[in-house]
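Chain IDs A, B, C, D and E follow the sequence of writing; residue 1 opens each chain.
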């Protein structure tokens, strides 16, 4: 198995509520996986498990064929659904933070030329997300969308091997969103990142992803809705990727989705 | 002037940063105003001012031809951008709260038959937003989209005369979003509400609204970006509304926007 | 708080405060053993014996009018209630300290070694007075030592610290401190007998309006002291009970009694009260107190406060007499007129 | 694994928590044995046997004079005073704290006063306190209340003032009056914080209780400690202090547990 | 307008805040005049003239024995002790509080101990403190530290433990080690809370300072208060207490102000 990430029969439960059940999934290095699914299906929970923030209730996760430690390593980057930036740092401070940690193990602060270099890098990234004019604002002084862009810049500057994005562009207007799409695509191909992105915008899922996963409940008990969890009900590899299987594009009922002109495989995965 | 809300030369500033400048706006009773604009333009700030949460730095706001008090009245409902529900109340408790305040001035709690009636009403509303299975969860146990739907249910159950929505459907998947659109349209026409909605989804703005406002900076000083604020750069009344002027539909560069087949007036408002 | 008119009116319920000290334990025992009730009933009144753990606070509360009477040393009676304008009558002179107060030094058994040391003591108390008298006896003055105010509750443990090499204290702390390795008692109240008196004082106005209170108190006192002097089983039991109330053992308590000169016979107490030596003692105490500023910032001379003694003798300002040594009730006890 | 992520299970927690306490006990035993080797009648750090002996009578044998088991009578009296003092303070903190935190006019008018009262050391005003409240139980309870209530009030007020502005706005758009807002939004959210404030105040409350009992009392844990202090009877003082620590620690654990039980929403997983 | 929304301006705030204090002063003057009408030499509630007279000498006239202006010498000595005690406690709270709050193994090992120390009334254990710290300045500072540090430590630890889990996770994904996380995420966010904790501890710190000075001392505000308590000189005690209140209130205001200046992000508009 040469997958970067491999989930084997993973379950996530909160108390007696089953959120995710029987997730079997292999994510290859360099792929861009979009995850869609109804609200409350467990998309964020799946990301938390991949991140190492939470351990699954059952099942194993292998990263490079080794069990994933329930700990967040710097090789994984994340943008949370509720934009979480450090409220005590300015825009610039938030962005430089990752560089400082890497370059100054002891003080976690940079000085002199190294600081200027780091700040220049951060400013470049902030320009890319459109925050050049706001370098010295604190998060409490920014709009929702600005905080979200800051979180994106903060994660991207580290160029993590595995990037986990939870509705990263949800609060952005179409113009800026398009810029962000370009940015992420560029970084993805330049640094051969592996990206897992949760989104509600089906157009985005298909235009960015090399593979689209749909999380939903496969079975439902109307009297005890919490007894069954969601699982991967559709797993659609898209043509863009090197290794593509034959298939036809499916209309997902996306209201505002663009016309996706691609050939995909609707292969109901084995796990349900 | 028979407008419900009337803004005259309204400015909003934070410190020396001008966020909104020279806003002149009349909102008629029964209209559904969509507000679009780039991230950080001041859309949420405008809603806060309309809500009475903040007083504008300059200018007057008239509600029914009387100056708006800087106080939030129950005739105005709101869904904030960052879903803010009461973390100490369950889903049902959050939804019933508005009814309890109205019916039990002293205890703010209902008992017996009246409680059952209120809960039935709340459950109906929660069913409409798809939270029937989660009546007794606390907000901390819910996903982002579920909290957002709860906030919508909480505001709608009061059927406020003026409803202010700040990206209310941002964290919802297309299926549930369509349900929400239907719900809000139904309530809007059944109870002749006046709705002001901020959104980033241009399709949504045009399909739901009777008028679309675009907030953006009309002038820009590259050396002191904070010196100029945003204002209403486009004000497009749509055909749906009873009183419509002639015009043509404009492609707003919306990536995923639907084909909007309508006749609108691009009338650059006087205020810039 | 009661006004003067109210206190002056005849009443039937009174509160007397006491704190733990060898010479005052009879009050606690009398309360426990029903002697208080017996005498109070006899005069148709009610007397509450109130324990106040902190001695200074008991006197303060008396001065503030919360208590009608209190057990107090002669010097404190002068500087707290009397200096505060509260007309006070000392109706029972219970005992004098005959070794109950002492100066302890570590590493020397001569008082002259105190020169230049830090002396831990309750400042402005009888300990301070004892120190002044001790220094005087070896030709030194207060400026030859540095005093450190130490709370009476903590002085025993403070003395165990190696930092502390000189202290003045009273019993029961003194007996505890004497056991500290290396401690020597170099001066004690036994060297100035009769100067540190332990009194029961009551508010003069209350007493005048209610002479029965004085009679009952005298009755209680002399019955109890007679009982505790007895060398039989009953006397032993009474002393054991007092020891327990004081939180100590019988041996320890009897050790403290040995350094307390109890006026068990009312005649002896009357004689001591009427003796001219008392006036001399009070003059000394008064001069010391004044020199330490204990009469308050307003007092311009040692004569600011007036004291009255049996036989119409007075000391200080005769127009502002606030401390009266009143032998009437002790005399009645001596006469068996109670 | 990084130390921040090393979560410790319940049982291991108990074991680890016991270590420093056991170490302290060991140190005590060694030092005490040491001192006794030099001075067999050392009173400051008594050996365990002496403590057991001293406590035996207080715990199991009725006092000859009053017929009471002194240890239990002391405990009961102190707990009663402490309970009353804490209860009154808690109520005051709840009412005054919420009003101060939520209503700007009330805050403007009274916050200076509350700060003033909070920073005045009550023990400096003992004579006035005893004059105002008498020498009975009231004064002791009052000292506890004056000692801890201002702190609790300020803590609750600060917590209430920090409630997200959106919640206040939201409640008002839902039709809540000031009163309803206090009752349904502020009060329930103050409760878990109140329990925390009580936990933090327990230490100071015991200090004030003991101070009060040291001054005017004839029963209580603090009274006994100050009574035997005259004789340096550490063989009674140390077990009494240990007992106070045990009582206080138990209260602390109970409060924490009940906060978790009663206010699940405040302790819930918050990913 | 609803009371929750009635924001009071800075100047009106000052005016309103002065009202209850003035009322209290008036009540004092009336009651005091009343008592003096009955007993002209009443010591409990002295009239202002008497207080001025009593204080005059202490403030302006050098003491006959030591040649010092007693009032200022007292103030200086007390502030020095208090400052040192608070400084040490703050440092302890910062270091231990953050470690306890952030690192689960440290929490498991030491939280029981800290709770235990927090609830043990230090004044009950004075004899042991005397052995450990002697009777000099160290002991006084130590009493303050033992009195307030555990409270502050627990407060900071609770605040740190309540940091959003996302922040810890986020910092780790950005490459922060445990040490970097403490230095750059926990520490700066603990600072504003620390200032709040110091503000809340000032009251107890003064209590412990005064207790310490009451135990064994020859200078200090608490020393003077307890010394003159021996002859119920409320004309000295009350001005001293008022002075302490003034000092403490000033510190409180300064701390609050500096927190707002230094940690804008923590006080910022949070719509």
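Here is the rule we use: a contact is a pair of C-beta atoms (placed from the backbone, for glycine too) under 8 Å apart; a residue touches a chain by one contact, two chains touch by 3 or more.
None of the values given here were measured: they were computed from a predicted structure.
Remark: among chain pairs B-E and B-D, B-D carries the greater number of C-beta contacts. When chain centres are defined as mean Cα coordinates, C lies farthest from chain B.
Chain centres here are Cα means. That of chain A falls 83 Å from that of chain C.
With centres taken as mean Cα positions, chain E sits 38 Å from chain C. Centre-to-centre separation of chain A and chain D, using mean CA positions: 48 Å.
In chain B, the residues touching two or more other chains are 14, 44, 53, 71, 82, 141. Among the residues of chain D, those touching two or more other chains are numbered 2, 5, 44, 126-127, 131, 164-166, 172, 177, 214, 229, 232, 269-271.
Shared contact sites, meaning residues of chain C that touch two or more other chains, fall at 1, 60, 64, 154, 157, 160. Going by the touch rule set out above, the chain pairs that meet are A-B, A-D, A-E, B-D, B-E, C-D, C-E, D-E.
Residue ranges on chain A touching chain D, taken from their complex, read 14, 44, 48, 53-54, 69-71. Note for the complex: chain E touches chain D at residues 2-8, 12-13, 16-21, 24, 44, 102-113, 115-116, 118-125, 127-128, 131, 147, 150-151, 154-155, 158, 164-166, 168, 172, 177-178, 181, 196, 199-200, 202-204, 206-207, 209-211, 214, 222, 225, 229, 232, 234, 237, 240-241, 244-245, 248-249, 252, 270-271. Contacts from chain A toward chain E in the complex involve residues 51, 53, 71-74, 76-78, 80, 82, 84-89, 97-98, 100-102, 105-109, 138-141, 154-155, 158, 160. Residues of chain C that touch chain E in their complex: 1, 3-4, 56, 59-60, 63-64, 76, 79-80, 83-86, 120, 122-125, 142-143, 146-151, 154, 157-158, 160-164, 294, 296-298. Per the touch definition, chain E reaches chain C in the complex via residues 35, 38-44, 50, 53-54, 57, 65, 126-127, 130-131, 134-136, 214-218, 223, 226-227, 229-233, 235-236.
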